[in-house]
Every structure is written in structure tokens, then in C-alpha cells.
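The following pair of complexes shares a single chain, chain A, combined with chain B in the former and chain C in the latter.
What follows is the complex of A and B.
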């Protein structure tokens, strides 16, 4: 564990040097200060204006962050057009200049550091001589992705919009779904250089206050130069960073986030990331797809059962195959054993090596398929299917049953709605293959035992990972393996929604 | 650090279990059937039918399926395990007993006593006690060499044949039970090769068949029963699952034959002790479906049906009586389990007066048979 120990004292983090000297009021002098600060930044632009004969002004902005058209129309035009009332006034206040502007959001700012921050965030700064304060106009506009269908969580039924990289758009999508003052959106900034906006969102009165406080304190503990994606935060706030299991749910879907807020969970939305985080989560939540709540409940229950069955297959199928063929041949029906034995007859490797070979090849194919540019992506499938599926079997290097096993496992591992969970299962599969290859079914048993022991002790923000199964709670099982109809889901999950359990007034139907 | 050390110890103990054996599937010789014979010097002649996977597997393999899917390999030894060791010396793969579901025992070996093989099968952990045990007239090694017709391997056919429940079906564990139980002698199916067609012009091919019973006294074979008597044994043992009862209609009633299919039978053994006199009551209830009728009888008449039922009763009575006679008079071996029934009903009397001399009591036992047949359906045609 030396790798994780702090060995040397590193120098302090690179900080934005904060200047607190106020503005002088001398236009030339102040402008030079800004110029100096932004030296070498090509997107720093300014424009000097003459207002009447007495006043001159400078408009500062960062190119590309500001809506030029609206700035021209709402800021520059009103200032330079002769405004009689303003010009005849012997000594107009800054407020009067402010009144001239057509922009909707204009504030007066005094401290130098705040001005710089506003400028960096896309504000337009108007410096007017003799004034020590400036006007900051928010007319940001930059190119951004439009709202798209979420790629990683596609559904057939249900809303089609997904989060974008813009935090404003994202919070608005939540607000549109929960039009209540109980919905809280707490802003904070993370990252010394990136100054990333992060929003903690929860429903007051439903979310557990202590968990909200815990989220706040864990987020505030992060002291890093930049947050480029919400995934950075995940690793900082997880309870058990060395576990393979994800303890934070990442979602692209505003409806999913809203649904989870209603269950008393807490959302973390990060600027520049289309993935919102949901804490605390349980294992079963990772196994649920958002579509589970939109489809008919009977079908959903069936699909969920299939999903759990394939969870076992994804985790254990190759290892069971190895255990049976190398340790427990008596378990197979005689005719099946003949088929397996016949196809394995020419294979030069032990079953474990064979399985590892195929599984690693499969992982490589998957990874290559992801990385390859889309037009040549089909090459991978052709090469994969031909080389591995057919040639290897015909050449007698791998046996046909194993190809079936690996293919089934491959399909099974992509059935889970949570992508990080898929990774955990894939990784553990190799562990199980190793256990089965050395100890047979006994090894599988040990492996499963270890995994279960780990899962049982795992917690996400204090909530047991296997709740409500591991601390067993029968009434809470309505949305775990089965899904009861909506009109029966009258309580929030106990592990997160304890402070306000009741969800609906159930009225018996009279028709 | 103590906790870590404790955890480490705990993990180590998990790897300390015994019985750990790793062997690849292409390093085992899968035994499908075992044959046992007696040769000169009282030596055991062990024949193993071993599957050859490369001849069995997928049909896509090039070259087609020439040759047999199995080979028979045999050797002799003083004991079974010695013979088995000797065979292993001739095989490049490890002999794997766990898939073997058929144990064939030759007549000579059975006459000498089967307890060694039963002992081996139950004591050795690789062999299965849910194998089917069967006996052959003559040498078992000849039967084991027969060619399969439907399956890849003849042992599979034997297994499937057993599962049909037409003849007797005896697992090794059943045989062991019968051997060890007081008041019950073991029996097993007779396994033979029969001609495929009954009256062929050329010499017919042979096919495996289970017909008849090997009757034991203790662990020694004492005689055989033919197919009809075996059916009677099945009635008595309550193991009839399917079958046909045919009745000849006498001339004065119009002649012809009527066949009925057995739906369900139930046989009860009830010993009665009266004034120190032991009697055995057999109650056989049968339900049948009439499936074939070429007589002139009007089946819609309840009187006719009643008459038919009486005839069926007589028929069944006759069959059972024949078996009981054979077992009681000829073999004098209680394979019917009458002694067991007595023990269950009158345990005290069994211990005091019958257990010791049951061999003498059994042939003298009075047996009465009550049959009760019901024809459930007759079909709709006249």
C-alpha cells in the first residue's frame, strides 16, 4: 500500500492569487490591471466607449462566453446613444447608468476578485471612469449540446430527455419535474482552477437531514485543482474506495433523479457533466432500470427476475463450466458429458486456461469495439465472430461449449442497467474463474461467500448496501425483486425516506 | 495486526479440506457399463464399457461416425478392485466410474454370491449406488459387447429401457436394502439379448431386453422366473405402471377378445395371525380402461361390465397365484417380502416365533388373493 501513502510534502496547490485592492476609479489604471492579469489570454477582449463628453467607459468580456448580439443591443447601444437625461445630470450615480442598460440581470460589484470571477464565468464588465464600482451584466451564451436522448440509459417507454453538460439546463429539468419549494438546490464551487459549479439537490422534509449534512461535508473536503466530470467526485465520496462495487449511482436521466429525490435520496449535479450522482444507493437499485417504473408491473417483475438470473449467469457461468468439467464430471447427464468430452477431446489447454483465454479475448473485443471509430467498428465484430467463434473451434484450440458459455456470459453481463455494476461483475468473474479452476465447486462457494460477506458489510452513506435484504425488512421489498403496482407503493424506502414515509392516500377503487 | 493474522488463519483453514482432485475431462475414460463374470480359479473377470468421446460428439466432425462409440476392455483379478487396477494399466486415461449406470452380473458370478460387488459399489466413493443392477444368463461380457441401435452407447439404451418400467427396475441401493432386510430376499431383472424380429428370413440382429427375474436367496442366485411370472411379481410389488390385460370371451357369449389398459393398481399385503396360525391376505385393486374389443358384447350394459370385471379379477388372480406358487413352492425364497409385512404388523411374534425359522415357515404360508377391478372407461364406439 506504499502507493497510497503520502511520501513527500508537495508544494501548496496552485491558487488563483486573490487581489483585494479596490479599484482606483481611474479608467486607464484599472484597465491596465485587468490587461496585466489576463496577459496571454487571447479570448480577453475589451472595448472603449465614450459616453457624452464627460464619461468614458470600458466594456470587458471573454470572447466566446458572451452573447455578442445582445451585448451590442442592450449594453453598448444604450450607453453611447445620447441619453439627454443622463448627460444633463451634473453628477450621475452608477445606478443611473445601470438604469440605462436593457439587460435583465445587472449588478454592481466592488471587489476586484469578484469582478475577475464574474468575468471568468462569462459576465460582461462595464467600467466607467470615476466610479470604484463596476456593473456586471450576465449575458452569457456559449455553444452547447442540445438535450438528447440518454445514451447509457435508453428506454422504450418513458421520457426521452437526458442531462446535458450545462448545469442550468440540468437543474431546470429537475425543477420542471418537482415544482415545489421543498426542492432544494444548494450551490457550491469545487476545484481551485476549474471553479466547477456543483449542486446538491434534495427534497426538504423527505431526505434525511444527517445524510444531507454528510454529503455536504464530504463534498467540502474535496480540495483539488479541477473537477472535469462527476466521476471525479464519485471516488472522493465513496464509503469504501477499494470495493469493486459502485456505491454511487450515476444517471443521465432527470426523471430517474427526480424519482430518487422522492425516495429521500440526494442528488449531486456537476457542471460540465451529463451524469448526475445519486446517494445513498443500494445494490438492488443498481439492478433496476428506470423503465421498470414505466412498464406494466407484471412484466417488470418478470424482467427483473430474468435480470437476477442473468446476474448469476454473468458471474458464475464460466466458473461452473470449469468446475464441472475438471472436478465434478459426475454432475452432468451422461449424454451431455459425452458432447462436452467430445468437443474438449482435441483441446490442448486445461479448461481454466481455455476459459481465461476466451474471457480475456472477449474483454479485448469489447474494449476495441468501444475505441474504434464507428465506420470501422463492424470490423471488430466480423473478426471477433469469425476468428474466435469459428476458426478457434475448428482448429481445436477452444471447445465449442466454452464459446457458448463465454457468449452467454457476455450477453448476460450487459443486461444490467448500471454500467459501473457491469464492470464489477466482469471483474469478479475472473476471480470466480480462478477459484473454480483451483478448488472446483468448493472454490465457487468460497468465492461467493467472500463476495456476499463484502456486500453485507458495504455501506453507501451509512445505508447498508444490501438493504432491505441484509437487514431484512419485509414491507420494504415492494420494489426490490418484484415491483408492486404504483397504487400499492404507498411508502418510501425505509432506509432513506424514514422521516416522511407516507407517499399517497390510497383510495379503494369503486368501479 | 492480530485481526489480520486471525483472518489469515481463517482463510488458510478453508484450503485445508480433503477430497480435492482436479482432472480434465479429456483425461478420463468414462465407464458406461460394468460387467462381472467368474472365470477359472474363482477369479473375477471385470469388463468395462468405456465411451470414446471423439467418436460420439458433434455430428459436424469430419469423417462421419465410423466405428463404435465405445469399447469394451476387460481383465481378471482376485478381487474386483484388483481387476480394475489391471484394466487401468491398459488404459491411457483414468477410469471414471461415476457415470456408470449399468451393472451386469453373469450367472456364474451371481451363483457364487454377489456381496463382493455390492460391497465394492457401496464402499468405493467413485461408483454409484443408483446404478441399475441386472443379471445375465451366461456371461455378462458377451451382453456388454452388444451394439447399440438408438443411442450412441449400448449402456444408454439399457438405462433408458430400465426407465420405461416395463420389466423390473432394481437399483444397487434397492438390492442392498433387500439383501440386508430381514424377511425379504433380493431379486433382480434378467437381462438378455433378444432377436429384433420374431420370424426373420435371415438371421436377425439382436437387441437388449429385460425379461424375467433373477431370484436370490441371500446373496446367491438360485433361479430364474420368466416374463409372465415377472409380471406377477410386479403386481405383487405394486410396481405395475402400465400394462395390458386381455380376456378371452367364451364361445357361448360370442367369442372374441377384449383388451384393457391398466390405469392404476394398488396392492396391499396384510398378514393375519389367528390362533397362532399365520395367513397372508393380498388385496389387489385395479382400474382399467377398455381399449380394444372385437367381441359381440354390449358394453353399454352394466351387467356385461360387471361380468367383465369378474373375468379381469380372475385373470389377475391367476397371474399372481402363479408367481406366488413359483416363489413359495419352487424357490422357497421370500422375495415377495411377506416376512417384512409380518414383522411390521406383529413385531413381537416375528421376533419370538418366526424370524429364526422363516425359511421353513414361508413355503407353508397360506396366501389368499382378493382382487377388485373396476373398468373406468369403455370408449364411445359400440
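What follows is the complex of A and C.
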């Protein structure tokens, strides 16, 4: 089949050219080299200094990435203040210059490329003449969003802090929750141009070694120019990229990530993204809200049952309505049938078209509500409520029962704690409407079987997506549809925490 | 396009994907569903009238012996499927046509199952839809599901079977509420003595549906723990047989032996009589759920068995492409083999089940076992 394979010749990738020529030691020459490299970059700044009479130096930094105050205090001042020891020394080593500086993190760097990388990452470079090495001081500081309440995963009970765009802040939030040396944070860089910091975090001894290795290798295989958000990574590492179901959990909550680490899962934190990724993940985890673990367990169990009920409603309600009104009128009790038939009397469309119209309008309203500037947002809901809800029914375009169906479905689809899962259910709803419109109740059954067959084939990093339901594992069912009290959760989930199952000693509530 | 196709055929590359496995519980669910499958819709032992439940019990208990033959055969060749053990047993040249015969048997049985589902859906809820659409869409589902092999099918069984059982029991509870329910319909029990029932039951009752569990011989290599399988095989026959017996008692008690005898879809007719508090009526949806999931197990089991046999016979590395091919064959096969549903049933109950089934599911396995036994004796000497 080589015959058909035609490869286009693409131009070479735009990449940082790595320059490996060492520095010359001549200050003028080296400075020119940097100037040339950063030509046209307005944030590139430098300051020339004179140290004593023998030495001159240049401090290089990128404006906006460096804490100017501290740099002045800790780098520039010590260098230009006449340090007696340094001046008296006939031929001071670079280490002695380093000793003068007050910054906490100073390293000597030799290779040109590393220097440039450090500079781009917000480091301050001190070039001193006659030396082929430079000093790199890490005094980064930039404006950033403060720690905020997570918007996408709000809870009533439980911690209110969410991840920010700064990876250091994010890792610190995890570290504060798991003060153990077992917590590993592996750094790596992704993206040819963006050079984004990515951290793989897991608990050693709990997380499955082979899954950690798989995460590492999948991340290292990513070849992309820039990563703007962790969602970029999701599509690269998913097992089944063509599935509508999310196979990676995205969370804004450090407490959720920490809780998942304790269950043997692996977190991926990406710089400039407030969403951390959790793998491997199962369907039922997507259906769990972090609040489930903070609320009382009886109430939580009840809420979970409601959630699964509404999962079915969100997926099936419009299609059942269509199947019943189009194919199986006899399934309705007579009185109900009369009232539905009476309201459908004036409607000129078949039920499928009617439902599709309403569902698409609802999706449009929802999208418009999200995108519109806040002040106009209320207009959309008024238009939606009045035009769609009332006028359309009065005008006889759609029937009133369908409005109820669509509204219930809409509310139901807001119930899922995981936003990507909501998307999957919304898409599949249209698939189900199509199935019901063509084959009635039989079509709905086939559609559900299709979805199930898809779900049981899915895997997230080798873990079956529907575990522990299929393959069935009784012990793990305690945190799926019901939630047992915390003192009963003495084992980690089997599929991820196999290497260290025991969570607590089995002495529940010993007073 | 090429990538898409290769992805379809080999969805999981590399050793990251573990070998397909199926647990004992999954096998149990799957095979119980397989036994119930179409038998639950069609009803068994129409010719035995009010004694049809005895007919089923006879069939079940005799099929336990046949199952002992199957499992004994499997224990001689642990880790081998039927298609792998026959060449060792009979030699290459004799075994090929026999395996092909089994593959055809499985394929045709799958086609029969799909036809029964199609006719049922067509005559009850979707009267204006062409048969081929109903069967075709069902087959698309089967092919998609079996693409993942035994593992996917086993997991589907794990989810679907509990729902299946739950709705079955729910229907039974509802059937109690029917006014016409009377156990008197079951009398006279064995009015003409045991012999007529026994004559009718052997071999028909053994063959359908219990003897069809010969497909399990092709699933053994995929079990998670190799070990004795007899217990699990006996238990799915027992559970399936008991459920069928209860079902037939319920149906006869409601419909009476005469209607039970003539009705093509007796479970549906019985359920249509349910009315709770004059409000909850028409539980047809539940019956349709039962039918679709039952046929799902039945047809899926047959297609999978045929696919595994084919891939083992031709030494293919996967069953996915075979499943796709079988699915394409089965849709036309199910429609062209009989002009009408009555002809289809006639052919099935008068010829296929009594003769072909007996040869393939009783006589040949016993023969294989004898040969295997002799071979073992000779080999040990």
C-alpha cells in the first residue's frame, strides 16, 4: 500500500536554534551576541556595571519577569558597592562574585543555550568580563491572579481555594495537603516554542509504577509548538481520541487532586493553566462531585442516586417523548395520552423535528448565555423564556409538553459535576433523538446498547472506563453509586491503588 | 482512511493492551443470558401444552450430562478452544470440514436469532419498518460491540444481565396481578403419563436452548483463571433452566395451555394483560427490553463463537475482521433462508433443531470425547 502513501514536504519546524558556541569572555562581544538574539524584543533589558576598576559586568533580564526591587537590592548593589575582599584579590574566581550576591538561588551556567533558556524563564544573568561562565539568579516575579474560588467546581462545604495559573503556587497547594516525601513532583518541559513547565505528580508506593511510566512516556511523545492550556495535553494522551467521553479528569481543586493522588492516580499540572489533569479516570469518577466527600454520607448517597437518575433523563427524556408520541401511543395511560395529543394537535411538525428544533434552540441559548457580556446575559434568558417558552407554544409551533421535556433535560444536563461529561451527554442526546425518531423504542434500546458497548471498550490509561461495574469488583462499589462513611473506606480503589490497598487500620470508630 | 481501518481492526496497539480475558462471573452472566435469549421470547415446549415446564426440566437435566461431556472434553485439552482441539483430536484433514460445519451452524443460528428478533419487533411495535432495517441496525450494534472481542462482550453481559434479570422478575411480579392468573391451568399434570412428554423432550428440549451452549467450548481459552469449569457451566444451565421453567409456568397459568400453544410471542401476550390500578398498563417496553437484550446475548454468543472458531481455524491474530464479515453475511442470511416467519419456525422446529442440532451438539461431542479418551489411554501407555 506504499503506493498511496504520499508525503508532503513541509518546511522545517520553527524552533529555538540551539547555539552551542561558548561565551568568549569578552564582555562587549558576548553582550552583542545577546543583543542580536533578542533584537526586536522590547522587554529585553540590560544594565552595565563597573565592579572596582578591573571588572565590568552586565546584568541581563527580561522586563516584567524579574522582581526589580529585589534584583537591585540583592544583585546590583552588592556588585557595585566596593567589596574590599573582592577588590583586593588579584584574580578573584567567579565563585567569589557569587558569594557577594545576596540572592538565595544563584548558579553558574556555561552553555549558551541554557543561559538563554534561563533568561527566557525569568532568570537574571550576570556577565562579568574575562569569565566564560555566567551567574544566573532566580528572582522571578510577575503579576498573577490570586488564589480564587474554583468557578467550575463550586461546593457549599469544603475548601474554597482553586488552582491558579502559576505552577509553583499549584504545586505548593498540593504539597501543603500531602506533607510527605512520598509525594513526587517530576518536572518536564513541553512545547518547542512555549517551553511550558509540566509537573507529573503522584504518591510513590501507591500509584501503579507502570501507569506512571506510561504517563511519562505519553507526555514525552508530545511534539507541539506551544501548550496554552492543559486541555491541549488531554487530546494527546487520551487512549481513544475519537470518543465523545472524556478520559482525563480536569479539576480546578487542589483538594480533589490530592484526594485522587491518595487513590493511586496521577496528576499532571501544567503551567499557565488552572486545570490540573488526573489520570487514569473512570466514568463514575466523572459523576462524583468533590462535595460528595464533604457532605454527610447518607445525603450524598441520595444526591448521587438523583444524579444518576437525571443522567438517564438528560440522555433519554426527549427521545422517549418522541418514541412514545410517534410510535407507541399505546404505552401512555389514556388520560395522559389525551392531554398530550390535545396539545400536539396544532403543531405542524412531527415530534422529531419539533424536539430537534427545541433542543438546538436550547443549545444556542446556552452558548449565547456563556459568550455574551454579563450585562446582556439577562436579555438572553428573558428572550429564551418568553419567546421559546411561551410564544412558541401559543403560536402553535411547539407543544407545551415538549417545552417541559426540554426544560427538564436542560436542568438535568447541568447536574453533572464534570463539564466535559456534560458535553458528551448533550451530544449523545441528539444521537438518541435520531435513533428514537427512526426506530422508536427499539431504536432507543439499540442506542443505549451502542453507548454501553462503547463505554465498556474505553480505557483510560489501561484502566477500564466502567470499572468497578464492568469488570465488577464488589469492594470498590462503596464509592460509586452509594458513598459509605469515611471510616468504612479502608481500601483504595482496586484498579489504581493495587500496590498499596490498605488505607487505614480496620478499627472503625473506636472511641 | 488506511489509518482509520487499521485502527478499527487493531484498536489497541502494543503490549499496553493486555490479552483479552473474561472472568468467571462474566461467563456465567453471558451464558445464562445465552440460554434464556430467544427461548424466553418464543416459549418452549408448545407441543407439550400444560406440561411444557416438565418438558423444560427434562431438557435441562439431560443437558447437564451433555455439558459434562463438553467440560470433560475441554479438560483433556486445557486452554484450547474447540477449533484448536479438533485438529489435535482428529488430524488436520478430518477436522477442517467439521470445524467449518460448526462455524456454519453458529452463523446460521445467529441469523435465526436475528430473524426472530426482527419478526417480533416487526409484528409488535414497528409494523411499518422493513425487516432488514431492524436486523441490519441490530447487526451493526453486534459488530460494534464484538469489535472488542470476548472482553467487551463479557463486560456488556456484566451490565446488561442484572438489568435483564431485574426486569424479568418485575414482569413476573406484575403477572401475578392479572385476574386470569390461575394455577389450575397447569392441570392435569402429566395427564397422559411421562412417556409422551419424554418422547417430545428428547432430543428437542436438550438441543434448544441448552445444547446450544456448546459455544462455551470456544470461550474457555479466554477465562482469567484456568481451572475446573464444570461447576460454572452446570450452574448457568441450572439457573437458565429454572428461570425458563418458572417463566413457562407463569405463562401457562395466565394464558392457559391452548393459547400458550398457539401464541407466537407468549410472554408479550401475557404482559399485555397486566393492569395495575387501571393506570400502569402496557409494560411492553419491559418485554422489548428483555427481547433485545436476550437476543443480544444469543446472537452475540453465536457470532463470537463463529468468529473465534474462524480465527483459530485460519490462525488469524484477531477476530475483529471476522466479526465484520460475519455481520455482513448474517443480515441477508436471516432474511433469505425463510420466506415467512411460519416457514422459519417450521424449518427450525421440524428439521434444524431435531436433526442438525442433535448431530452437532450431542452425537459429535460424545464421539470426540470417546476418541479423546482412547487417545489418552493409548498415549499414557
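Going forward, the second predicted complex is superposed on the first by the 499 of 511 C-alpha atoms of A that agree within 3 Å, B and C clash if a C-alpha of one lies under 4 Å from a C-alpha of the other, contacts with A are read in each partner's own complex, and residues count from 1 in each chain.
Basically, a contact is a pair of C-beta atoms (placed from the backbone, for glycine too) under 8 Å apart; a residue touches a chain by one contact, two chains touch by 3 or more.
Keep in mind that what you see is a predicted model, and the values were worked out from it rather than measured.
**Q** Aligned on chain A, chain B and chain C: do they clash or fit?
**A** After superposition on chain A, which the two structures share, chain B runs into chain C.
**Q** Which holds for A:303: it touches chain B only (first), chain C only (second), both, or neither?
**A** So A:303 meets neither chain B nor chain C here.
**Q** Could you tell me if A:439 is touching chain B, chain C, both of them or neither one (first, second, both, neither)?
**A** The answer is both, since A:439 touches chain B and chain C.
**Q** After superposition on the shared chain, which partner residues are touched by A:330: those of chain B (first), chain C (second), both, or neither?
**A** In the superposed model, A:330 contacts both chain B and chain C.
**Q** After superposition on the shared chain, which partner residues are touched by A:453: those of chain B (first), chain C (second), both, or neither?
**A** In the superposition, A:453 touches chain C alone.
**Q** Return first, second, both or neither, reflecting whether A:464 touches chain B, chain C, both chains, or no partner chain.
**A** A:464 sits against chain C, while chain B stays out of touch.
**Q** Quick check on the superposed pair: does A:489 touch chain B, chain C, both, or neither? Answer first, second, both or neither.
**A** neither
**Q** Using the superposition on chain A described above, determine whether A:472 touches chain B (first), chain C (second), both, or neither.
**A** Second partner only, chain C.
**Q** Check whether A:65 is in contact with chain B, with chain C, with both or with neither, and answer first, second, both or neither.
**A** neither
**Q** Between 95-103, 131-139 or 203-211, which run of chain C pushes into chain B after the superposition?
**A** After superposing on chain A, the stretch of chain C hitting chain B is 131-139.
**Q** Does any part of chain A touch chain B in one structure and chain C in the other, and if so which residues?
**A** Residues common to the chain A contacts of chain C and of chain B are 327, 330, 439-440, 442, 446, listed in rising order.
**Q** Which positions of chain A touch chain C when the two form their complex?
**A** Those in contact with chain C are residues 1, 4-5, 214, 240, 327-328, 330-331, 333, 439-443, 445-446, 449-450, 452-454, 456-457, 459, 462, 464, 466, 469-472.
**Q** Per the contact definition, I'd like the list of chain A residues that touch chain B in the complex.
**A** 325-327, 329-330, 334-335, 337-347, 350-351, 400, 438-440, 442, 446
**Q** Can you list the residues on chain B that touch chain A in the complex?
**A** Spelled out, the residues of chain B in touch with chain A are 14-15, 17, 20-26, 28, 30, 32, 51, 53-54, 56-58, 61, 69, 96, 98-99, 101, 128, 151-153, 156, 159.
**Q** Going by the contact rule set out above, which residues of chain C touch chain A in the complex?
**A** 2, 11-12, 16-18, 23, 25-26, 121, 125-126, 129, 133-134, 137-138, 141, 144-145, 147-148, 152, 154-156, 158-160, 279-282, 284-285, 288-289, 292-293, 296
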